[in-house]
Amino acid sequence: MATVANPIEVKKQGRQAFATLGVALLLAVAGYCALFVAPTERTMGLIQRIFYFHVPFGWTAFVAFFISFVASIAYLRSRAPKWDWLAVSAAEVGVPFVTVMLVTGPIWAHPVWGIWWTWDARLTSTFVLWVLYVCYLLLRSLIDEPERRAVVSAVFGIFAAFDIPLVYFSIWFFRTQHPQPVIGAGGSLDPRMLDVLLLCWGATLALAALLLPQRYRLEALRYEVERLRWESDRRGGAATFSEAKK
Amino acid sequence: MQFDKRYGARFAARDISLSIAPGECVALIGHNGSGKTTLLKAAALLIRPSAGRVQFSNVGANGAGENSLAIKRYIGFVSHSTLLYDELTAEENLVLFARLYGLDSAEECARAALDPAGLASRGNDLVRNFSRGMRQRLTIARALIAAPKLLLLDEPSTGLDRAGHQWLGAALASVAATGCTVMMSTHGASEVNAIVTRAVRLLSGSIVEDSASSGSPRAMLAAALAAHQEA
Amino acid sequence: MALARPIGILLAKELRTEFRTRELVATTLVFVLIVLVLFSFTFDPTAVESRRFGPGLLWLALLFAGSLMLHPSFTREQSNETLMALRMAPIEPVAIVTAKILANFCFLAVAEVILLPVFAVLYNLKLWPVVGRLSAVLILGTLGLCIVGTVFAAISSQARMRELLLPLLLLPLLAPALIASAEATAGLLEDPPALSTVWIGVLATFDTIFLTVTWLFGEYLLEE
């Protein structure tokens, strides 16, 4: 069989490579800025620069989870599988991003305060957020039937999304009653720091935007394979099945 | 009714286009997995079709909303599961469903329904203690308690002995005599099929043979019985 | 309201079934008792410590017990496919879910009424003076647990590993309610007792939001 390269495929792959390169470049620039361009913070020194990734990864995760939430609602209303694909893709992209945020937290905290973890409001709430979406993915893995999986996880996703603001508020208010050291305490932000922060956020968003369609396409392909497999099983078994009835 | 139903990427029922007139008694034949249960559940408005719709007297319904509730009132369903609460007595089960279907004086309706099922003396016993045959009779009593206009049965003779078969045949005959439309999936066992006026054969989720357009119901049923006994 | 009637019928059915077997309330009671007793070994129940740890432990115990007790709400319906029978009846699907929420609330409430005096005795707490306000906290907190718990019982009944899945899903989601209930209870045990409006507000918001979400989306969980 002649292996002729499909021109459309080649173009798609070319665009994909270009996009990946672009995002890598953006991340490199952001990293450079975070490390060298941003002014050194007064009290914490070098380690504070983790802040430029700790926070943007968190924000991007929020964006991803919001997309998942909207997709869940859209799925329940329309029952079109593509919304389910989007919901799971967004959640799967969000979870690693939150993980990065949770991991960089202690890495930042240890040199500064000598402790790995404090039950400070933001970190604890983010931890609950992480658990909720890991549960979302776990739930999906435990239901085999695709439509049930989509419906059930969509409902769970909606519950989780509405819970998030309550979690953040409750833990925050609890902490005002029982204070503990806070990681990354506020204080005003030097405008140059803000610029670098936004640049890093842009970079992480770009990374997420690169990963999300990949995952989405994977889900769509799985669906298609499933469908084709079932079709071929059926064709094999149906003797009197009329071809015209398609 | 006319609909498609998919499960995920797989079609459990495909391109089903079926019109049933009132009073008909339709037998659904086919192997396991050919889509009979799906068809019955769609008719009971239990399953939401992925495409197309289920219509009753030109009133569409999709399982929710005003129309659906009004239509469900007149549908009775018998499955091979008993659809009964083991921890309640026979009478309590019937009263529950009578009330849910909006019948007044539910207790009287329940007591009245126990008699034809031969369970009048067992009204206060827990269903948990019933034999298979008794449960089946109670299940049918439950389905009929609200005087349905459409009765759907999914393999009702499974697990019944000879006497049970005969009882079921007689019960269905009396139901059909009242003008109720009946649709049931069957493997072709003779007693229950005396009332059949039309047969439809399903294969892999699509209709492949319909006695309304070709052939006789008896012949199709006989063929199905033969095929089933071979298997 | 047209919903009230089917909810009432189904609620009666749930209560009657439970009354026959009494398995849920009994198990919940025993479980919470065991947890409370075991926890009391981990610290010396002096007045101050009891007031600090007691409320949290009580609510944690209720949470765990609840997540075990809520599980049969839907799995009980699976053996004879009775849920299918209910869905076929001419009632709104949301009535089925609401009836189960109310039934679970009743069961848990019964267990709590029995447990509270035991809790007060074991941990040397003076609950009687604040019993009215405490009841309000208990009602709101238990309601939250039942709303989310019943919905999640419906969710987990369709998945594998369902017994483990329900607590797993429930605990993180109920975190705000747990914090709010425990803090509100702790506030009532202080000297002088103070009912925190913020935490009551959190509980009320929690209950309202999730009840609304259940009414909007809960029925999809019952489908096949």
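Labels A, B and C are assigned to the chains in the order they are written; within every chain, residues are numbered from 1.
As a working rule, a contact is a pair of C-beta atoms (placed from the backbone, for glycine too) under 8 Å apart; a residue touches a chain by one contact, two chains touch by 3 or more.
As the structure is a prediction and not an experimental result, all values here were calculated from the model.
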Worksheet, complete the sentence: Closest to the centroid of all CA atoms, by its own CA mean, is chain C
Worksheet entry | Longest centre-to-centre distance from subunit A, chain (CA-based) | B
Worksheet item: In whole angstrom, how far does the Cα centroid of subunit A sit from the Cα centroid of subunit B?
Response: 47
Item to complete: Would you kindly tell me how far, in whole Å, the mean C-alpha position of subunit C lies from that of subunit A?
Response: 32
Response to the item:
CA centroids of subunit B and subunit C: separation to the nearest Å works out as 38
Worksheet item: What are the residues of subunit B that contact at least two other chains?
Response: 48
Worksheet entry | Where subunit A touches two or more other chains, by residue | none
Worksheet, complete the sentence: Residue numbers in subunit C touching two or more further chains are 223-224
Worksheet item: In their complex, what parts of subunit C are in touch with subunit A?
Response: 148, 151-152, 155, 158-161, 165, 168-169, 172-173, 175-176, 179-180, 183, 198-199, 202, 205-206, 209-210, 213, 217-218, 220-221, 223-224
Worksheet, complete the sentence: subunit A contacts subunit C in the complex at 76, 128, 131-132, 135, 138-139, 142-144, 148, 151-152, 154-156, 158-160, 162-163, 166-167, 169-171, 173-174, 177
Worksheet entry | Footprint of subunit C on subunit B - complex, ascending | 41, 44-48, 63-64, 69-70, 72-73, 75, 77, 79, 81-88, 92, 96-97, 99-102, 126, 142
Worksheet item: What part of subunit C is in contact with subunit B in the complex they form?
Response: 6, 9-10, 13, 16-17, 20-21, 79-82, 84-93, 219, 223-224
